[in-house]
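Chains: A, B and C, in written order; residue numbering restarts at 1 for each.
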């Protein structure tokens, strides 16, 4: 019988510092038992519990993409006990991963539709997973246009900068990269907060576009009215919520918002769903 | 008792009309026998809900800590001392609290009554003259109130409020022959191992619900040390070292501040007498520094102050 | 259903006999006037004089603290940092004297721990190892409102066997195959006569009649979540609350838990500990943001979960069996019956 609390042992294969202030690092994990990788079959938008013996577990969105094989990756902000400990670990260290957990973005529902991704700060991880998945030759034609509005405080705080630039050069995705401010005279992308940039650049919806929004609460607060203005219905606006979690499988009870559990019934919810539940996140 | 209740309602009716006062905090009738829970009264309609009984075991000073604006509160002797302690520690401003003192002849211990009566209790009626009638399962017993009192009330020497704006009734007499520390002396007399075993046994049924801490007016730390996560000082499980750490440390945090109001014991669902920890500290504060908590708002508690006359025997 | 009759003089011997096949767990008095369920030592009998134990028997399958995994952080070990499932025995155990409402609570809690998606092996394995030998409530406490929560004093929905104390003897309803196995193991085999069965029926009727405390919650199900959530009465309901965890810890249907790692040098274990929605730490984020940062919000969460969310989610009534423990244990007498009334009627 499967024990859903038992993490798969993984080895740290690579660590990439993602931000100029070194608060964000991407960790690539390789499963010690290759069979575990098959069991860890995920879709973009899901998360996992990263488990460090003696320290604890932490729920983190999966940043690698289902189309990338041989590893899984997480971009982690150094914030609390577990993430601080993880930031001090080295390549070769052993830890655990439990998952995949939660619901992915609604890939089946969104088939044939246009997609708008709006991300802010370090909440771009599952959006990265999504974009890599969509740009894969097997998947690209299943969806309509793809627009990405992604912003951060400064160029040095943008995640996956090399990839962003690669996508910028493609013609099957419309990138709208922005930073709050920069002194860099060579910065050739947008300057400004995410909500106004989205208002200016994001496509209008005629009922055939889904907006997936991930970012700090303040960004979400100001982005939602913009999306309404652009014609997005509440059931076409998709959010990924965060709450304190422990079990990750809908059992321990702490991440509840109304009758929904963020870990199991989410973390992906439509705005329509969120509107009907207490805002306890 | 009814005179007292009438007076309480009369005072509250006057205070709710005062627009500078946010609310009046007192006690109400419980839905089950032997408990009078706190209530906040804001309107004239609710004044009639206020009551008084020998089951007002909660310390209402506990409800002052995070309240905004000016509030009125009914206070027994111990409650008033906890308010004084709040004022001394800067937790509450004197001008923000209207204290209506209620001289107190002691509150009763519901578990003691249950134990004595045996069957489930349907009704407890207190008569003037110190008799208590207990009814349940078709029978009735009479007890003397003094036999039903909480342990802290039996040894209380501050039955009358120490600080108040008005009194509900005349001060009550305080007997002079109260042996305040008999229970502590018994524990002090134990050999060191037996003493440890005594306390281990005392807390063996603790479920770590923290009712003792949460009922305690002195336990107002925004984050209690047991809830700290970085670093985490104490494990969260039910094993003795962690449970004992909680009780011992909590007791020490209240040293020189605890007024022996007994709210911790009264609140404990497992009927643990955690006063066994705090009463000893109270005695030490009295012996070492001639200090009793909550008697004057002008002095910080014993363990926060130093005077050249302090004994130094305890520094080793 | 098979109905047996056990003379009380034969009870102890049968109980002892069943120890060959079962570990026995039952109600006992502990400390100062409190009681709980725990494993009975050899020769020790369950204390049937206890009406409602202070602590519910949920700890039988959901201990307050339980080891989930063990680990070593010794880099010299090949298993360094890898979680290991500890050796545990789930040998058969008989829970003697569990009250019908507490057994019914197990069925409710099972919906949480045993789902189509995930199965909590700790809870489920312990639960499946149990045979529940219930003791009918013949003399209900005044805070017992179990008849209106879908259970009741003689309810067999969570039981394998129901014992009814009929004075000189026990009447025994053998409810399930599991129950029948325990009865066989204890050597109880005397069929009840028609007269005794008549006694059983009248006792059942009598016990139900004695329960006068009730709750109604049908309207709560019809109301919108956010309407209930935004009601003004939460202020006065929550005012006296101390924010301790008593109500949740004594409750047979509260299942929330925490996961904590504990280490002693290089050895450690991952623990599953009871937790409570009454505690601020339950929901606080790493950033310091706490989505339920006030007492009011936490009190509301508890009652909304029990009386509204659970009802809407499963459509199987409320998350409460009416045992009355929270009513009698709450240090400030916050009474779920009163809260339910307010939610249902206003």
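Everything below uses one rule, namely that contacts are C-beta pairs under 8 Å (C-beta built on N, C-alpha and C of every residue); 3 or more make two chains touch, one makes a residue touch a chain.
All values reported here derive from a predicted model rather than from experimental measurement.
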(request) Would you mind telling me which chain pair, A-B or A-C, is linked by more contacting C-beta pairs? (result) A-C
(request) Select the chain whose centre, defined as the mean of its C-alpha atoms, is least distant from the mean of all protein C-alpha atoms. (result) C
(request) State the chain with the largest centre-to-centre distance from chain C, centres being mean CA positions. (result) A
(request) Compute the distance, rounded to whole Å, between the mean C-alpha positions of chain B and chain C. (result) 32
(request) Mind checking the centre-to-centre distance between chain A and chain B? Centres are C-alpha means, answer in whole Å. (result) 51
(message) On a C-alpha centroid basis, what's the spacing between chain A and chain C, in Å?
(response) 39
(message) Give me the residue numbers in chain B that touch at least two other chains, ranges are fine.
(response) 229
(request) Send over the residues of chain C in touch with two or more other chains. (result) 258, 260
(message) If a residue has to touch 2 or more other chains to count, which residues of chain A qualify?
(response) 80
(request) Over in the complex, which chain B residues touch chain A? Could you list them? (result) 229-230
(request) In the complex, go through chain C and note every residue touching chain B. (result) 30-34, 36, 51, 54-55, 63-65, 141-143, 236, 239-240, 242-246, 249-250, 258, 260, 262, 271, 273, 276, 279-281, 327-329, 331-335, 337-338
(request) Could you please specify the touching residues of chain C with respect to chain A in the complex? (result) 68-69, 71-73, 80-83, 85, 112-113, 115, 117-121, 225-226, 229, 255-261, 263, 268, 270, 275, 277, 282-287, 291-292, 297, 301, 304-305, 308-310, 312-313
(message) Quick check on the complex: what are the chain B residues that touch chain C?
(response) 30-32, 35-40, 58, 62-63, 111, 114-115, 120, 122, 204-205, 207-211, 213-215, 227, 229, 235-239, 266-273
(request) Could you pull out which chain A residues touch chain C in their complex? (result) 1-7, 9, 51-57, 79-80, 83, 93-96, 242-244, 246-247, 249-259, 264, 276-281
